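You will see two complexes here that share chain A, one where it goes with chain B and one where it goes with chain C.
After this line comes the complex of A and B, so read on.
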């Protein structure tokens, strides 16, 4: 089939052995001489203006170095989502606040000699609030209630995207062909195994270094430099080893605080969150309340769609409005729909802020639209897979909303492949036979979905690469890749190794360090493989050219070569052939260094050429216990249109994890609040994830049909893998019950409530 | 400054002396509940008596009509033990559903009773079987019903549980344990149920039913309405809906108006249904 040597191979991840043995040092494991521990005092109440903070008792505690509040920290507002200079956005967050907008809001911080002392001191801080104000929890109320957390009021943003003639279409469509749903998706915790952490330390000459397990070192540097008034060359940010992010570590809020304290006290400072803090005081998947209305012809052609969404940004703006735009930009990239409108409001509520979370709005918008399609299919008596097949986009078809070319879109093959592997028709017949009676009921569900490959045409989307040969033929690949645990470094080594015909084992891949790595906009938006991987491929091509060029210079001087002889110089199977003689890289590169006095070193900057769509079609068989409301996923098929799997093992593990997160969103994950705005589940005892015993085996199938601008034809998998999941699971549960449940997650009490 | 002091005595009598002499004493057996409180205990000051060097409390024996289980036996060992599987199958089943594999490898039955979490999985089964425990303090030994112990925990403060005594399941009995949690594994029970029924071998009539529900109140709740309904009936005379209604009513009486009531009153029928199936499997009288 293909003659690829390293690409397409399931090579185990670099550093996996260290992780498994527990040898890898995460930021929380790091220690420095004289290091102080920083602990946050989070509000503990949902909302209120600070009247007075008394820190005297905390300060008196032995081992406490200093207590910080809004009184002695920078007041300059920022937005943790700020990722490139001059990005326009609402900046409404400060390091430590005097007005609490959610329970996890940062009110004070203690720097102490030990983390225990810092924690005890936090408990000794007495905060008096003017009064505890009314929480804002309900999104529809937030929209019209006139209550606001910030100057701009609620809603703080409104968006509309439309094409075609939506009003005209709905006016002429008979009501029996219009299908409406209202869907609530939950505020979800990212649940990376590693909680948030960072370490900041002062260096000579007023310089500051921060080690952070983040997704975007250059943005962390930018925010620190802006808030602390330091030129960029005085701030160095190093990406620390990471125990997962899923978007949670894409925003910057801990680093500037730690950096400020480190400078203020001239000592290293480490902050390390516990689970409660990670749930309440970081970011969440944005909750949405969506309404959708779809007009479908009796034959199953989707004629038009009208979507209204309220986005819950939580206590601070963050990316609340941007995630809304991201949702809008998915609606025209899956099905051919001639008339569409998307309208949204974004509101602040007294809950932890929404932020980037794997899929960035896509799981939410697909939950709304894919569950709604099932309603149409049921009413029209059309098979749910057939209905989708009638409307899916073909490769290179136009995105009617005007987005970038969808590229080599292979969703139709994916859906057909899934139908076959899942045994859709047979399972459907079996369900029809058993009917909807008895305690345990089985249902099947399907969902299709699309997601991005970077930011092409919307935001900066470029990546610098430095790649060099060492004189023994091994390679240093210096990138600003942030390996979030996905195996990104291994994948980059496979790509470079393929180009240069060098075993990936012989390639060291560096992660980001703002002082030493080339610039990159960060590892988010599923751009790691598609954009940075392409940058690596191109840089490696340049290095290969350089190697050949320098070898040609060298060839003249090789023993036995006549000066007038024109020699063919080529690379063959990881060796260099000059004329009829073969040489190892080591022999040649050593001589290039000695004789040509030239380093084989390439600096290359690549900017993305496209943003094709990635696709997935997921199939679920679920069994519902109608007595207890428990749902068990019995069978799961995930088919993805990935262009080319660089590392099939990595692709499979991404999909496994994506499905795990998605089932959680469908069935159990939700940061829940009581009516007064206090959180009900702030640890893993009360906040349930799908765990290993509850996971079905995920049967993964890949459609590999190369994407023109991807490295070796590859496109993204990290986010798309979780996008269709919740919708597919909900569709299976609804099929089992003969209902259209749309308030996620479908917890046992919600299912029981719907049944009795 | 408060401190955490840990003693690791080698003999039971030293344990009893420590329990008698020290204030703020806690016993460390498997530690799966206690360790969650460790930071708090360290801060508040506490004397921990670590039982890891105590020998002789890890036995399982059948003595006539009773099973005797040492208090330091882990749930894994209970779950795997053939004698317990034969004579107290519901306890074996409940033990296999406590926490996770890792928790079951550490957690002890004595600790589960002493800690007495409302959702503890061993308790409904022990209550339904009329189990007793042996407790010791400096003054001497005592044997007390689990039910009595749970209602008088203060009285038994500073005692050490050394053994659990469970009346064995006879041939004419059916034991049952069921649990509803929001996840199949590694989850706390939303509701659990332990049952022991005695029937007349001649005609299959249930002559005694003992049913306890957990996770409804601080200690197990006796489902007296359900017991009443079952008593005197043959399995084939049971009406599902009336049986379920009695279960629902028990829940309603226990947690009226509580947020979880609407769910638990339904979920209990799931356990009821499982139990009826068990009855039909084991107790159908031919």
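After this line comes the complex of A and C, so read on.
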């Protein structure tokens, strides 16, 4: 049994009281004396070259300070995904464009004394386009159409990852053992409840400070410094309180504009988007069109797989190529498959750019492959759980594509546990008995999935930590963590508290501030707990050592201690024992300061040692109303292999939230476009999220079997929690209907279409 | 236009454009920042306040509609001490992640408990149907509200 005191406990989140009381100021709540409001004019057409922009009427409006267009803003192209110097990537976005590439593209901006004035002024700007050009919407057409949205044309990127002998295998496999699917996954809006916001203000000596609810302060700083030609020490980026991100606020595209205007006008400048802008003028989950072909033996062994994907990057490159590599790197980390190939093209379309979104390609690629496995199981007459069990990887098995060790992979236990808790066999029999008739049809689905723990060996993956004891025994943990609302600060306090035997309540955890906190590569790629958490653990160990060392020096001078006497100095239950006497931290640390004249302060830099895989197995029972096409999720079991839950309630909440997002992707969430390229979903009245009545109860089970390099054995949960969801839900719907629907989301019209 | 109403148990009179949205009045004039704006169209519930006992989305209310009304926001519940029980159980059940939806959730829950002291989970789900949350998946919020109802003590 574990004797952990703070790790493994469901400690309430820091700042929860302030959030409940509305006392916590989010970036969108901030204001400063003399602050200007910067409102963007976003394009109302999908595509066209700006011929003329007439801003005179807007400028004449009382309260308008200045109007910006491509004519008076920096023209240097950038990519919002740029996060370390000299990172190679296509840079094709500018602050304000003269060529519109999607509805919502940034065309102009107005700085005004009030947001209403800025908004009214935007309406007075007249944009004339040379002509409205043909939109690019269909991904297969985009591949061959020869129509270029950017210099490089379409496709702008191609990727191939392969091992084994895929062609040889498929050539010798009889066609009845080859199972093919084509799947479309939707462009999804992250739907963080707080719309995008940022605040920039000038400071003395030509310095600019930006408060942003972001995920990578050092990337924001780097991009601003590059675009505005400022040395890094003249840009300060502070992570502000944020109302959710899910990847939406990972890339930098608003902060440089706010910073530029703040410098230009020498006034604080705030941007606060409305929902339409958050949907159309930020980032989305990349849509994909995927094809998969899987060869499976009659006994259910997966022999090989061939995957072809087209990634819809939208109007700008962003991470439209990198997300494809991320998808590829999942295909060999779940099942043992000896021959595999992944090929992709990335194309630009006249739609809002794709970008990082919880799971970073994983929900998409798993939707394709997990739905396809069900087709194989059905054709071979093998139970769907059994088929998966036959092929799942064992702990530390090799990733045949050459990725890092999968670590203590416990997906088999997760799937078995889920089967039992969900009552898979009983539910399956009940369904078989009731048959597929009647208005309401029930089906069950399962999906397995994997995701990462940081960037080990691929990108920089290190984290600086500063941790110090105050003289009363409380602690300051200075990190560059970005708490996205997940409780990351609480998790860090639990880890440090465990090492130092200090109540997490006594530990202040600072978030990122480029001027004051140590460098860290950012909160993305599910590296928060696994990498930064480990850094915190190690730094805390160093601080503990320092405390003991300094106490030993002190011990020599204690009254009544002979110089040659060797006293034992140990930490026991949050107190220090010297010989047989116990002291509080407060007593000792105060004396260390006074007598040793030493601060108990540790700076520590840690880089990841591995990138194990996190796993989840989800089970769904769904009921389809065949009259309306509506789907209700009736029962849901989620089992996750997390190594060690630092805070079980936080883990459970991550999973519930991940499921909410994934059901949306499966059933209703999609930014769709009409044939002319105009978006059909611009606010929550036509972009629907799962609300409370539609949300099932989630039965969560954790497999806790420690991961070697994780803090206390922990690994990631934030992203993996949403990865299997869409696949499992679709599999349940398909089971109910006896079909293989693969165009997501499975909206009522699509279900009705498939039925009649 | 002059408008009189009671806000968090205090009488207020404001001279204001009648087409000002209530959410703007509360945030800008009274600095009640618990009232969030997530959609501006009555679809997300982040701006929920209680008017005359009912939970409403303040982004859809114009100030001309509130003459003589009794309005509560989370700040008012804090002042009256009622917020304590929400704090206790929202924290205990992990009902708060980013927290952006939370004040709105609290107000919808409070309005429900006004008229139904012992709601079941389905009734709670319905009461917060208009409050979107992207972080929690709602279930922990429902746990929290259930616990609050069980402890009870709400007058009308």
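The rule is short, and it goes like this: the second predicted complex is superposed on the first by the 756 of 756 C-alpha atoms of A that agree within 3 Å, B and C clash if a C-alpha of one lies under 4 Å from a C-alpha of the other, contacts with A are read in each partner's own complex, and residues count from 1 in each chain.
Going forward, a contact is a pair of C-beta atoms (placed from the backbone, for glycine too) under 8 Å apart; a residue touches a chain by one contact, two chains touch by 3 or more.
Just so we're clear, the structure is a prediction, and the values are computed from it rather than from any experiment.
In the superposition on chain A, contact is made by A:26 with chain C only, not with chain B.
Of the two partner chains placed by superposition, only chain B is touched by A:752; chain C is not.
Shared-chain residue A:685: touches chain B and chain C both. By the touch criterion defined above, A:660 lies against chain C but remains apart from chain B after alignment on the C-alpha atoms of chain A.
After overlaying the two complexes on the shared chain, residue contacts for A:48 are found with neither chain B nor chain C. Once the two complexes are laid over each other on the shared chain, residue contacts for A:693 go to chain B and to chain C alike.
More residues of chain A lie in touch with C than with the remaining chain of the pair chain B and chain C. Contacts of A:512 after superposition: neither chain B nor chain C is touched. Residues 685, 691, 693 of chain A touch chain B in one complex and chain C in the other. For chain B in complex with chain A, the residues that touch the partner chain are 42-43, 180, 182-188, 190, 260, 262-263, 266-267, 269-270, 273. Note for the complex: chain A touches chain C at residues 10, 12-13, 15-26, 28-29, 190-195, 242-244, 246, 274-275, 484-487, 649-650, 652-653, 655-661, 683-685, 689, 691-693, 695, 697-698. Partner chain A is touched in their complex by these residues of chain C: 32-41, 43-44, 46, 73-75, 78, 83, 86-87, 90-94, 96-103, 106, 122, 124-126, 128-142.
On chain A, the positions that touch chain B within their shared complex are 116, 120, 439, 625, 627-630, 632, 668, 685, 688, 690-691, 693-694, 747-749, 752-753, 755-756.
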